[in-house]
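Heads up, there are several structures right after this.
What follows is a pair of complexes built around subunit A, which joins subunit B in one and subunit C in the other.
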Partner chain A sequence: MLLKSTARDPAFRGRLNAAIIVLLVLWPLLQTAEVKPGALFDAGNLTVIGNFLAAFLPPETGSEFLGYLGKATLETLAIATAGLALAFLLAVPMGYLVSGAGREHPTLNPLSRSLLTILRGIPELVWALVLVRVFGLGPAAGVLALGLTYGGMLAKVYAEILESVDATPARALRQNGASRPLAMLYGLLPQASKELASYTVYRWECAIRASVVMGFVGAGGLGQLMDQAMKMLNGGEAATILFVFMLLVFAADGFSGWLRRALDTPPAHRSSPFGWRSGGFMLALLLSVSASFHMLDIGFGALFSLESATSISQFVASFFPPDLSAEWLAKVAKGIWETLAISIVGTLLAAVLGLLLALPKPRAPFTLLLNTLRSVPELVWATITVLAVGLGPFAGVLALALHTAGVLGRLYGEAFANTPPTAARALRQAGAPAVVVFLYGTLPGAAPQLVAYTLYRWEMNIRMAAILGFVGAGGLGQHLYFELSLFHYAQASTVIIAMLALSIAVDQVSAGLRRWMQ
Partner chain B sequence: MSFLLDGVALTHANGFTALAEITLQAERGERIALIGPSGAGKTSLISLLGTALAPTTGRATVLDTALDKLSPSQRKALRCRIGTVHQAPPIPGRQRVVTAVLAGRLGQWPAWKSLVSLIHPVDIPGARRALERVDLDDKLFARCDQLSGGQLQRVGIARAIYQQADLLLADEPVSALDPALALATINLLIDDAGQRGATLVASLHAVDLALSCFSRIVGVKAGGIHFDLPAGEVTTALLHELYASEGEELPVLAHEPRSIPGAAAQTAALAACC
Partner chain C sequence: MISSNLRRLALKGALACAFAVTVALPALAENAVLRVSAIPDEAPTELQRKFAPLGKYLEAQTGMKVIFTPVTDYAAVVESLATKKIDLAWLGGFTFVQAKIRTNGTAIPIAQREEDAKFTSKFITADPAIKSLSDLKGKTFAFGSPSSTSGSLMPRFFLQQAGINPEKDFKNVAFSGAHDATVAFVAAGKVEAGVLNASVWDKLVETRKVDTAKVRVFATTPPYFDYNWTVRGDLDPALIKKLTDAFLKLDPANPEHKEILALQRAAKFIPTQKENYDGIEKAAYSAGLLK
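Coming up: the complex of A and B.
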């Protein structure tokens, strides 16, 4: 083939157009998200956040406060454990109903499927915010919120895991007369048990983070303590709480890693598959679940009384019909757009930040920094960024960016480590400087992985951006929090439906994208 | 009577006719080999007998139970009495051998017993006896992913033996095994069915194995029954007719007789065994 005589790159025009389109799309997004880096250096804001951060040192270590802190830590653990236990009880039958695993004929199960979509499509924080109004301030709302949302998530994932393993063992058992549950226990569970247990432990880890966050809407635990400390701008207390919180997250991380490794040990050569270790573990599990419920002292009996049933149904009825006036719908639509803008700008910022933190060597200090960023949930970051740049979507963008940078930085680092080193080595031997080696040698190989990770986090951030407004960081959440505090349930109902629709849309789009990319 | 198919046809949802107007019947204790080119309908016939597929038309009766209008509990009761040996043993790798064998009676046991057996095997002696038959009793508490392919296949057979079924179906049970093991396995199935007076229906790829071990040979071709004869009356001409679509050579157990030293002796031993 003959080359063109002109020295023009044929790909150049396309790239230029793409860059212009990206800028054109990004500009209104930046406007909506109210990105004003200047706000970070505004004198007033600087004093507030400066005083607050200065008060971090020394952290509060008074014995009275430490007593509260210990109790709140235990409460957080108990909420996570009890919530997950509830979720598990909900997920096993629901997953069984929804899953096509072990069935001889495909079924649709539209009812249980849509119930699951609603349960997990509404964020746990929204459930908590609503349930707090039914059950009052305290851990009951948090436990139930976790149970409902995580029950929906666990059920869906359980169903999918059971569908993904080899179906022939169960089919063979059914053809020899075994019932569906037994065929699943004998034919599918051995293949899926490790993945099921591993995902459940991972969710427990998430539940600890979530239970901290739910404290901000009054559902008890460390979050409630943090909320009080933030409202009183007590930096010393906030520092101690944050520190304990990070310890908790790291410990949960380590514990779940240990558990997942323990699942790999083959059973001993004896008649019972369960030895002292699994027996001891089951006992500890049962004890901790019952201790959790005992400590939280949830009057589940009272929940199921006729009196509470009527008050609950009255409360639920007050959400209907949702406010569908054009004026309110326009406001909600604006909220959705703002939520999307926060999520996009926040994720992009996190990608840049994460990339910068994923590269420098030696890794140790940067790994610690990334882990710290990642262990603080977005909503907790938002309470701090709201102090730094004032109320509004920009605080949400920063909060998302800080947490997501921690997650993405770690994932990017792994992607770079897994990229074949030959190309980079050749360039280095040719005498290229480090930056050039990275851009020409490592980045092209790792790019698809980086894009996949970033898109995946963006998907999660859309959901997160919807609730950051609870602490004043813009988006749909701000409307919901505001309307609920004014007891405007019809308006709140519209916002919840919008959140649900957003979540379902994200699900559908990402499933479609994944199919398209395969 | 073990089973009776009367004018049975099976058409798949995509319009493909797997079986066309088949009539076949077997008495209790018969040993029947199904042979024929691939795609002839052997697997469909076995699935139909195992109630995994329902006939589109015609009457089918298995173990004195009519297959049309079966209630779920009747179907379950019938299925308990049908054992199946698969080409690839359908056993999860992380399951222990003892559990995999005991799973043969899930349909017969009450649910509580099956649940208890997950925590502690309820019939260790029974599982051990079944495994002794296939020479694997030392692997009773091993995990199935620690076994070789041939050992796993024998676990699948031990499960079928443990089930004590009245009708034993086997769909290409030995096509993944080497000739010596294939022969031993078929002998084991025949032996077990013979002891309990159960009926054995096996589809086989290797014509020589079918002819030397089974008393009745059913040739299946293009969804129909090409011939149904005692083993002694099956002629080479009939076989060539049956396998016309697959070329000149008949599929046999020892695929490359000229390249394996001592294969002739092996074939002779095979003929002597059965």
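Coming up: the complex of A and C.
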């Protein structure tokens, strides 16, 4: 009723038109993603999911199972830690090569740039799936997959952080004859180190979530147990694993928050470079990284033997040339379209859900809800939503929406908190109702931030949507799983290239949209 | 000052990581270890339980340390055999054919269960309306792993002969990954019908892990050759002989052997040869699973 009056809303007509246009564009996407909310209330589906959730109680607490669980938890932590250590080792030289920082004439290195794009563009799960074949059974594949993808991401972000800080000190050093590494070390790193360290710690937290997902393709850890429990629809085991997993994610979240806050502490005035904190931290880091590698028992020596070099190159060669027959391309194109639809509809649904969850007060219960939503990875949500709405893309949409709503809800909340309150206050004092105050006072100020966050998540979700098919939730993933299982590498290669192209295209569109909005 | 300290922190971190990676490189010891794996046609925990006494027996017979690595991915077992990361593997008929191709014909099947010479798959459903294969059109359907012989290849081949193309005629196809998972899918209603190997089905029925009042068999495939124990071809011939003899020597009259055989669901082990699996290879080509 409120919005119907054009007198009250001068922008009403424009907004209505925009909404209609958006709906028209969305319609085919909704069709492709097979969005049928009715499926949620279908009697058959309700019994399936109801029985599964009912089996969550009591959670499995048998001592044999808890033994497996303990070992898997440690393995997950070790995979994440070792993977990130590897990523760091890759990211430092690559970031250095890629970054325009500290160069007198910013020349962008096209070779290393495209290497980074490839590393990042292929989802870590796909790397893991491929590497499991090369490096055999066990967690080595997971560690390497994390190392490669996260190495690419860290390198890109390191490069950007170094480019974004004030370049004057480095330029001054270079003009006085310092070499580029020295100029970066003394001119740029001091300003950027906090942000660099903070992002690295944040990535470690992400690596824990990702290493769980890796277990789904046999790379060990909690994910492998979870995959089994979910496949066997063993609710009791699934409940215990989910609980332990969420504890782990919350703990990692808390720990990384604490570490990042610790970076704000000013250093003590003393001549020794090592205080108790940095000394202890370094020792702990060293111990945990070496313990991780030790526990996983990765035969890196074997990786560099001539024999494995031959088998790896043979393996890589078998992916070329990709299958470009019209029949297969048509199948892949259908998968691309479906993946795109899942990512867009899932992200939009998450934006709506996130907005709804970001607003109510008091915050505490909603913060807990958001944290819970976001601590469960998309692929795990998908195994559950597949039960709730049946196999197919709609399950994928819901899985993306649930996880992403948790992420976006939190980011939206922060954005609202940071919006200058003056406009809203003025409206409230003029007697406007709460809805109008929000729509005209708070929302316009926060909107650019909200849109930027949403687009950023869309870039992540396209990578996720590409692999949801592993658990039957639509998109390109099922093709890849099927073809790789059968050693049809030429066909798998086409799918991987399609995933890469899709994620690059979405990155470009999203970046373009963000520029256009500014 | 603040940032200079942090810069040191970051540099030290970099050095620490580099050092840790170097220190952590483990040496590979490779003396007298027999590495064994199996295709994960059932839950890995179940596979480990089944293998434990057989592993001990093989240790006693060969004098080597036997290490069993459970996996969740069929193809990983084939690839590990081809890249010599494992020595002995329990393979399905189709995974054996894949292994044979990927090792340029060098993988050697040494023994199979008596039952594997005439193996079948069971089509199951919980839907009263499904009475024959032709009723499956437009339904959701679960195979096991894509690389499973009895859970994917042979059923696909026989479906094709019955005029059903899984990709076109089913509403949705799921790959449960393992035979017992397929039963869980069907029992829970996640899919309307599925197919699994007869041996696992019988075991689940005997141990009452499936409610036969609800889930029933509505079709069975004709018999074909399935599972075997395969070694990689470049293993020491003396060791291959020892392993083969060890399997063939298992005697149901011996109580200790009886336990091993019961866990493997075998009456006894019999010799086998590559040619037994030619039929499966043909079926794989015709079903489009081999190219």
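General observations
We adopt the following convention: the second predicted complex is superposed on the first by the 462 of 518 C-alpha atoms of A that agree within 3 Å, B and C clash if a C-alpha of one lies under 4 Å from a C-alpha of the other, contacts with A are read in each partner's own complex, and residues count from 1 in each chain.
Methods note: contacts are C-beta pairs under 8 Å (C-beta built on N, C-alpha and C of every residue); 3 or more make two chains touch, one makes a residue touch a chain.
What you are looking at is a predicted structure, and each value in this text was computed from that prediction instead of being measured.
Put simply, more of the residues of subunit A are touched by C, taking subunit B and subunit C as the two choices. Of the two partner chains placed around the shared chain by superposition, subunit B is the only one that A:L182 touches, whereas subunit C remains out of contact.
In the overlay built on the shared chain, the residue A:F293 is in contact with subunit C alone; subunit B does not reach it. When both complexes are overlaid on chain A, the residue A:S193 reaches subunit B and subunit C alike. By the document's definition of touching, of the two partners only subunit B reaches A:L173; subunit C does not.
In the superposition on chain A, A:L443 contacts neither subunit B nor subunit C.
Contacts of A:L26 after superposition on the shared chain: neither subunit B nor subunit C is touched.
Residues common to the contacts of subunit A with subunit B and with subunit C across the two structures: 185, 189-191, 193-194, 266-267, 273.
Of all the residues in subunit B, the ones that touch subunit A in their complex are 50-52, 76-84, 86, 88, 90-96, 98-99, 103-104, 106-108, 111, 114-115, 118-121, 124, 141-143, 146, 163, 165.
The residues of subunit A lying in touch with subunit C in their complex are 44, 47-48, 51-52, 68, 85-86, 88-89, 92, 132-134, 136-138, 185, 189-191, 193-194, 196-197, 215-218, 224, 227-228, 231-233, 263, 266-267, 273, 278, 281-282, 285-286, 289-290, 292-294, 297-302, 307-308, 311, 386-387, 390-392, 472, 478, 481-482, 484-488. The touching residues of subunit C, counted against subunit A in their complex, run 1-14, 16-21, 23-28, 37, 43-45, 69, 71-80, 83-86, 98, 102, 140, 145-147, 172, 174-178, 180-181, 184-185, 188-191, 289-291. Here subunit A touches subunit B in the complex through residues 104, 165-166, 168-169, 171-179, 181-183, 185-191, 193-194, 266-267, 269-274, going by the rule given at the top.
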